[in-house]
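We just call them A, B and C in the order they show up, numbering each chain from 1.
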Amino acid sequence: MSVPATATLPAPEALEQGSSLGHDAWLRLRKNQLAVFGLVCLAVVAVLCLVGPWLLPYGYEEQKLELGASPPGAMHWLGTDTLGRDLLVRLLYGGRISLGVGLAATFVALTIGVVYGAVAGFFGGKLDAVLMRIVDIMYSLPFPIFVILLMVFFGKNIILLFVAIGAVEWLTMARIVRSQVMAVKRMEFIEAARALGFGKRRIIFRHILPNILGPIIVYTTLTIPAVMLLEAFLSFLGLGVQPPMSSWGVLIKDGAEKMEEFSWLLVFPAALFSLTLFSLNFLGDGLRDALDVRSSKD
Amino acid sequence: MFRFITSRLLQSLLALFLVITATFFMIRFVPGGPFTAEKAVTPEILRNLEAHYGLDRPLWRQYLDYLVSLGRGDLGPSFKYPNRTVNEIIGDKLPVSAELGALALAFALVIGITLGTLAAVYRNTWIDYVASTFGMMGISIPTFVVGPLLVLGLAIHLGWFNASGWYGPADRVLPAIVLGFAYAAPVSRLTRGGMLEILGQDFIRTARAKGASELRIITRHALRGGLLPVVSFLGPAVAGILTGSFVIETIFQIPGIGREFVNSAFNRDYTLVLGTVILYAVLIMALNLVVDIVQAWMNPKVRLEE
Amino acid sequence: MLRPLTSALALLLLGLAAGCGRPANPPVTPASGPAAAAAPAKGGPMIWRVGNGAEPQDLDPHIVTGVPEHKILMALFEGLLSENPQDLSPEPGIAERWEISPDGLTYTFHLRAGAQWSDGVPITSTTFVRSYQRMLTPALGAEYASMLHHVRNAKAYNEGKLTDFSQVGFKAVGERTLRVTLNQRTPFLLKMIATHYSWYPVPIHVIEKFGGLARKGTAWTRKENFVGNGPFILKDWKPQQVLLAARNPRFWDHARVRLDEIHFFAVENQDSEERMFRTGQLDLTNELPVAKIDVYRKEFPESLRIDPYLGLYFYRFNVERPPLNDKRVRRALALAVDRESLVKNVTRGGQIPAFSVSYPGTAGYAPTAKLTGKVEEARQLLAAAGFPGGQGFPKLELLYNTSQNHRLVAEAIQQMWRRQLGIDIGLRNEEWKVYLDTTDARKFDLQRGGWIADYVDPHSFLEIWTSDNLNNDTGFKNADYDRLFAKALAAPDDTARYAVYQEMDALLVEELPVIPIYHYTRVVAMNPRVQGVYPTLLDNHPYKYVWLRDAAR
């Protein structure tokens, strides 16, 4: 913001209110059309998934075997699957699972990964070595075996789904955060903060993290679809939604096998999946711009 | 630097040992074994089978035997494919996956970094939109959708390629594109994010003020820092891409090692599971080491040792 | 706001591209397309390219257990007997004639002169005896050794209780006569010998050179060492890709063999396989995705093959778990399944609804006892058992192994039970090995099962339900059934034997340890140029009778 040369200093009482990062960010976000669009889209999808099934005449498991897979029409707006079930209802129901698991598990992975990576990157030395070797070890362990073991010891809980997914997705996040922290921690403003005597925790969370939000946000938007598709893989192992319930990942997988004969079974789940991801992405970009303390957009 | 590398290698060896131990015992606790089959075998035959593979010995004994043979470089016979050893299976399949992976990686890096940089430089213009859309599509459309689509279009409709198989050079094209596309997308997104961070910084402004051309600014000044998030993503990503992708190999019938990572677990082929885990662990640790060194080179503020 | 628009367009394009895939290309004839390089040109060698499912584990008949291996072994080996291409009845193989003693306990096989391995070494009766000895050697741990247990003392030798093989009922009487003595009358023995690879001879002289007879997985099956006696020899083996078999000039019947080569492709994914068929890379597939069956029916009917297959798709009950221990509950659940709808709308492959365990038409046997009854009867039974309208019925679970097809069938049946009986059954899928383990331990309420016969005889399905059979897994123990089983084996001829089988089938329909759902069919895509492949109940097609119409010969 440039100040006209002829401006006079405002009277002391009219000094601006101090503004927190969060408040500033929200103001900027509101102005970003795409981000708002993304947020609105997401909200609409979420509401549809939560409320929609009650408004629709068909149950998600209601079969019409004689009908089989039929293309979109007046009776079934998005068509039906091979068992004659309405695709729209199943898509919305599946959205509950996918959105819920996708967002929650990503949040878990994000939290763990950021804290872990920040600690490792900031403190460096032996701690960093140990923490990173643990990451290496967890990377290498065979995932299907790990999941089956989880199921053997803890039964088939929906919570296990989060544990299994979260256990895998935080690893790369931790690595990315670590490398970013390592790049930033020697910058002058961090030196300044240290000189000012700020505690380590404050430095990490209040000074370093806001400056590396960019890649974190981007990687989070990369993680969410991975999580949703990982859930589809887990349902193969028997963890994840049980039929007749379905999720977007499973719907897309099934639709992909029938893409020539019943293309609507792929197109609509994939479209909704992509729309959600795009929205999350716009929102993420918007958040990053809004929270960007160094942005030189002017 | 030398001290750093040796210390890192030692750490990695320890980590590798832990991985092997954990995996060895993990797979034994999982229900079902290599000989669990639909047409059940009599207990006597099962006993003989287990004796043949030494599975009737106490577990700690088997573990030690395995470590000893590992020391000799012998990964053991495969349970599922009795007339081939794990060494042979990996020796046959790894080069295939590596070839596919290298091609896909080249594609992903070239396309991904270019598009990401363009998107960052021409931020909020149509170039940015197209590049970002491409990026998002790669992420939100899974490979098991892209693969068959490409096969339907290019192989079946247009007849330019075989539907699957790994026989001639032409068979490399489709799988490399699909796998590359899947990685180009995150690479382009991370590049864009990283470049945006860098391009907003003061030293870039300084360079501009000094009259440097945009191209020079990008290639000489910005890329080095802007690619930082890509590099740390690439560590495990390269390991993943080099060991092939289960989905791609299944769709295109490629005799690579990617499928074995998953199938060996499903077959409870104990030795092959361990072999693939060791392979992957070695790759991951080596690549992470390389990534750390590269990161330090790219950003001198990042010190390797404390 | 360009971004959302471009993305929407991109998606739409992809969707249209997918939609435009129908009705697309007919399966390409090999003379065109990129697969022309892989396909034989007119006037070139006659090569039959077959999709063979999973990668073969090994090529040793004593080690393998699966169908893909069986298909390959049929090309590389021949046993005492061969199969008729149309009905799989036993035909002379290495044995040119045989006699059966009046008490049915002794079979004498006369081997033909000049029978030899592909390296020229002659095949004698001693070869067979030593092969069977190897198969039964305890240290080898051959999983299908039980196929030989009908022979006197074979089981004892296999279990290590007997160490003198000369006591086992295999005797080489002179160079070209093999005498086999059985424990008891085994009416289906010849069918077993003709069909199953556990009875094939193996090249002892080669195996001995590579680590001995009791070692699994030795190098003798590598392509440079392999020796067989079948219509084809191993030409090349690229693991996880393709196995090439070329005609064997030393095969006794090689004049009849018309194919020059068979290429067995290890293709696990059925969608990929179908695409390979369409581009002309394959002449015959191993499976066909359910979604494509109707498309082929309408548009490429000449490439669609639906053949009967001797297999049963069923749900097991855990008969020791209440309320499934109540016969009425089992019958109610069994009656409420609408098999016709299932077969017509869900599986779509011309499968036959099953109302009995045995297949209607197995070597002349057709069970008369049938599971008949309407849904009303089911409801009454359920009420009589104490669950009127499904009230109070515990929430049970149906276990199945992860697969799209199994899931669809399970979902459909789950709905049938809910709608017709008011019963809520949960579905639970497990990965294959876990599922097998759970089944073995009988930790299920209901379980999806399947059984493919090993030879064309009703015995193959009925023997499973005896009290001590390892594949029973239901907890069904019925003394009458066991008694009938022994009686059938002792029957003097097939007519008497079949009469006992009728009683056994009736008992199964009465007690219902399982719900028979449908009898399998084999649905595959086959290029019309393939000739000599007849519908057989086991999907075995002796390769010396197969040829390709438009190729050289």
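As a working rule, a residue touches a chain if its C-beta (ideal position, glycine included) is under 8 Å from a C-beta of that chain, and two chains touch if they have at least 3 such contacts.
Predicted model only: the values in this text are computed from it and were never measured.
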Chain centroid nearest the full-protein CA centroid: B
Where are there more C-beta contacts: B-C or A-C? B-C
I'd like to verify one number: the distance from the centre of chain A to the centre of chain B, where each centre is the average of its C-alpha atoms, in whole angstrom. 22
Mind checking the centre-to-centre distance between chain B and chain C? Centres are C-alpha means, answer in whole Å. 37
Whole-angstrom distance, CA centroid of chain A to CA centroid of chain C, is 46
Do you know which chain B residues sit against two or more other chains? 30-31, 132, 136-137, 141, 148-149, 152, 266
Junction residues of chain C - those touching two or more other chains: 3, 7, 11, 14, 18, 21, 24, 271, 431, 434
Can you list the chain A residues in contact with two or more other chains? 144, 148, 259-260, 266, 270, 274, 278
Where on chain C is chain A touching in the complex? 1, 3-4, 7, 11, 14-15, 18-19, 21-22, 24, 271, 289-292, 294-295, 338, 341-342, 344-346, 402, 404, 407-408, 410-412, 414-415, 426-431, 434
Chain A-touching residues of chain B, taken from the complex the two chains share: 7-8, 11-12, 14-16, 18-19, 22-23, 26-27, 29-31, 132, 136-137, 139-142, 144-145, 148-149, 152, 186, 189-190, 192-194, 196-197, 200-201, 205, 225, 228-229, 231-233, 235-236, 239, 261-262, 265-266, 273, 276-277, 280-281, 284-285, 288, 291, 295, 299, 301-303, 305-306
In their shared complex, chain C is touched by residues of chain A numbered 33-34, 37, 61-63, 65-66, 68, 82-84, 144, 148, 156, 235-238, 242-244, 254, 257-263, 266-267, 270-271, 274, 278, 282
What does chain B use to touch chain C in their complex? 30-33, 35-42, 44-46, 48-52, 77, 80-84, 89, 92-93, 126, 129-130, 132-133, 136-137, 141, 148-149, 151-153, 155-157, 159-168, 170, 250-253, 255, 259, 266-268
Sort out for me which residues of chain A touch chain B in the complex. 124-125, 128-129, 132-134, 136-137, 139-142, 144-146, 148-149, 152, 171-172, 175-176, 178-180, 182-183, 186-187, 214-215, 217-219, 221-222, 225, 229, 252-253, 256, 259-260, 266, 270, 273-274, 277-278, 281, 288, 292, 294-296
